[in-house]
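In structure tokens below, several structures.
Both complexes below contain chain A, partnered by chain B and then by chain C.
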Partner chain A sequence: MSQEIIDTVTQYCTKNIPVTLISQGAEAAIFTTPVHPYLQNTNEDEVYIIKYRPSKKYRHPTINKALTKHRTLSESRILAKLFQIKGIKVPKLIACDPYNGYIWLEFLGEDLPNGFGFSNLKNYLWMNATDSYHDNVKNTLVKVGEQIGLLHWNDYCHGDLTSSNIVLVKTESGGTWEPHLIDFGLSSISNLVEDKGVDLYVLERAIISTHSSFSDKYNEWILEGYSNIYKKHGKAGNQRLTEVLARFADVRMRGRKRSMIG
Partner chain B sequence: MVNLNTIPPKNNREYYIAIGLEGSANKLGVGVVKHPRLASHQSGDNSHICKAEILSNIRDTYITPPGEGFLPRDTARHHRNWVTRIIKRAIKEAKLTDPKLDIDVICFTKGPGMGAPLHSVVIAARTISLLWDVPLIGVNHCVGHIEMGREITKAENPVVLYVSGGNTQVIAYSENRYRIFGETLDVAIGNCLDRFARTLKISNAPSPGYNIEQLAKQCKNKDRLIQLPYTVKGMDLSMSGILAYIDSLAKDLFKENKKNKLLFDQETGEGLVTVEDLCYSLQENLFAMLVEITERAMAHVNASQVLIVGGVGSNVRLQEMMAQMCRDRANGRVHATDERFCIDNGVMIAQAGLLQYRMGDVIKDLKDTVVTQKFRTDEVYVSWRE
Partner chain C sequence: MTTVILPQFEGTEINIALYENVKNSKEIRAKIADLPYALIDAKAIISGEQLLSAIHRALIEVNYNKMRTKSLHSECLLCLSPTSNIGDAFKKFGILDNSTSIIAVHIGAKKEEINYDFIQGTCIEFTDENLGRLADKDYISKIYKLEKTFRPETNSDLSRAVVDAILLRGL
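Showing the complex of A and B:
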């Protein structure tokens, strides 16, 4: 299938735009290309991302068509809007074709040292598994929390927060990492506390299931960063924070057949 | 290091025999399973290759009339009435001459499930334990499904999709727990199908889901899918809204509510949709959601194998869709079992219980045999895997 996807994308892009597959997620395949769709290339090292949502053969064509269009379009819209909000770090949207399921984006991240792979939060936490309570880890996770806090404060919900959907970019001075949120395929604009609570719950569970040994501390730090953003907004912020956290606790309890003890 | 041979088999034999009693919902199952004592179990993670031999697998299902579900009280009565006979048949079919000498351990479902049926079955388990002087083991129902699936399909470390009348979970193993990656936020998929079958008033034998599957196969208008809500929420899904919506469509269809534009042609008044179409659309929509969250979990843990367990797992259409998804992911494989092992049965309880027993986890006091309605998959410490 991978080959099939590559063929489809190569055909779509024509031979003037060489593409390289770098990852195949559940929903989309990610390619890199050195070509910018409408700007003259200035820097030869520059690469861009092409995100393609292949049609799923297992799904009924009607569902497929509706989902591809809906998700591509809403992802592009949300990315475009988020990019303009101060403080929120997301990849820059370059172009999009919702009917065929293509999005053209700015490339973020790099490879971690010592063969730990691409610099997403998952690999970063695994890299630091031996020294998990280091201040750097804490700082990074607090910043992750702040990004999510900003997102929610502006009434956006990510919908699929996992540690692989957070990419870390090294700051120019080096040393520290700046988290960027990616993959807004399931995102929505929503001011419901419910959606925000579910968002936090999804992330918490993703952290527990992939980084189980240190998940308590990790989640605590993320929530610390999250709360920081809300608290900046004084009384109104505090009130909204309490609402979200209360709902988050509710959602957590709602996970089915939870034991009565904890 | 996992050593599955910690406890030697009874009477210096070279094999273990366990009997499993299952009755967490409307199926009452008793199964006998035999494990040879293998040197490969001395060390390492080989719990999926037990070379288990199924000596007997007896099941009796409490079937309600069309349009009705099974109530805890009546189901418990059914189990009480049948449990002795089923145990006898299981012992006879397994050709055990003296259960006192032959059986190493008695396994029962500790939960999750309906309280009353669970109670009826555990009482039977306690009784035979005292009667034959054989130790007891309480087994988590979900873990039973997973272990049976692993043993039958020999899948070593798959992502597990557990879909049944009471549960919908995507599970992956990590650090001695079966961790839940995604699950339903409200009703289970089997429950959703069962309740829709009740609205349609179709037969509950052999199972409502099976009858919906057969109706869906007869759908003549497969190109025109009825659009239903598609409610994947990250790794989780929600099905109550879909059920409510399709229920309302079915009711409009039966009442011949001509005002419904989706169901009836506004000019001629002709029906556009049949019951078969509804079943087909419901299945396509629900299963697409299931496959999607499974694929998400696979991508997240980098797995290439899927194991489908639970009653809904015997649905051929779901298996097809899952197989298609696995083919499309490089080198993916789907493992599924047939109705003998998908639908609740005693063998799976015996299989998981025997693994627990061989790791030395045995109930010492009858007061620890209390069953519980709420018992999450990730509460179980999986000592038999690395």
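Showing the complex of A and C:
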């Protein structure tokens, strides 16, 4: 399966664009390449992401084509919209070929020191587990909350908000991290408090399951950042915040019941 | 003249020249139908990234999907445009009688075979610096219908929003 996907992408990109598979999910395969599709003179150590949605054997070819196009486009459109919202940080769209299921994106993040792996939120929290109440950690998590708050305030929902889908990018001065959201494959425009509550719940679960000893603090800081964004909008903001947080509590309760039964 | 070859389409040479202080736009326009080039008003272009993302899309469309216009050169103008109407694309990105800065693009021939002598103006380097200087940013924001609340702080932010519009046109 995997080799077939690699072959398809290699053929599409031609020998001039060497690709390396870095992740394969149910929906998409992620490659990196050092070659930009149309800009020359780019930085030598720059890499780019190619996200490819393979067609599924069990689907009818026509439906396949339509679905691939639809999903590729939907993710690209959301990335384009989000970029125009002040403060939201998402990868830059470089190219998009929805007929064939390809999106080219800016690569975000870097390798963490001491073998802690790629700089997503999950690995970053592992790295800081021994010093988890450090101001830097708080600062980062508040900013994570602000990114989610901005997303939700503008009526977008992520749909798969795990700690691997939050990538930390070093600021230019090098001292702090700027959280960016990635993977908008399941995202949508939505003004439903339910969708927002679910986003918050999914992230809370991810944090509890991988960093359980510190998760209370971590989640508190994320919510602090989240609330900051809503509270900037006065009375209306506070009201909407109350609604989302109430639904979040509700979703959490349902989750608990489900796990007690299951 | 800058020669570009996109890695995915290595058989296709792209040659781009940027002119300022052009004196004979009216004359050029009179014979534009016979000229095998894409002639673009530089005021509508903020960066090399903008132009090249459109050319890349044109080549993707022509190779993997379909050609919607008569030539690669008009396809290139269509791909620059945020709408799918070719007449509209020529109006917004093509040259006018009073255009003073022009980008001439040729796709598919060798550099030696191309002659831009019919343009009376100063040929300058095709760089983001020159493009940024000649660009009309308000015009660009307007033709691409960027969000009213979007206030790009840098040319590269404006360029990024414009590239997004190019990539998503008509889809």
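Note that the second predicted complex is superposed on the first by the 237 of 262 C-alpha atoms of A that agree within 3 Å, B and C clash if a C-alpha of one lies under 4 Å from a C-alpha of the other, contacts with A are read in each partner's own complex, and residues count from 1 in each chain.
Following the convention adopted for this analysis, a contact is a pair of C-beta atoms (placed from the backbone, for glycine too) under 8 Å apart; a residue touches a chain by one contact, two chains touch by 3 or more.
All of these numbers come straight from a predicted model, not from anything done at the bench.
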* Check whether A:S2 is in contact with chain B, with chain C, with both or with neither, and answer first, second, both or neither. => first
* Structure fact -> The chain contacting more residues of chain A, comparing chain B with chain C, is B
* Please work out whether A:A66 is in contact with chain B alone, chain C alone, both, or neither, and reply first, second, both or neither. => first
* Asked: Does the superposition put A:V47 against chain B (first), chain C (second), both, or neither?
  -> neither
* Which of chain B and chain C A:L21 touches, first, second, both or neither -> neither
* So, A:K92: does it touch chain B (first), chain C (second), both, or neither? -> second
* Give every residue of chain A touching chain C within the complex, in rising order. => 13-14, 16-17, 35, 37-40, 69, 73, 76-77, 79-80, 83-86, 92-100
* Structure fact -> So, in the complex, the side of chain B touching chain A is made of residues 112, 167, 172, 174-175, 177, 179-181, 183-185, 224-225, 227, 230, 232-236, 284-285, 288, 291-292, 295-296, 298-301, 320-322, 324-325, 327-330, 372-376, 379
* To do: Mind listing the chain A positions that touch chain B in their complex?
  => 1-2, 24-27, 56-60, 62-63, 66-67, 159-162, 164, 186, 198-199, 202, 205-206, 208-210, 212-213, 254-260
* Asked: Mind pulling up the chain C residues that touch chain A in the complex?
  -> 4, 6-8, 10, 48-49, 52-53, 55-57, 60, 64-65, 146-147, 149-151, 160-161, 163-165, 167-168, 171
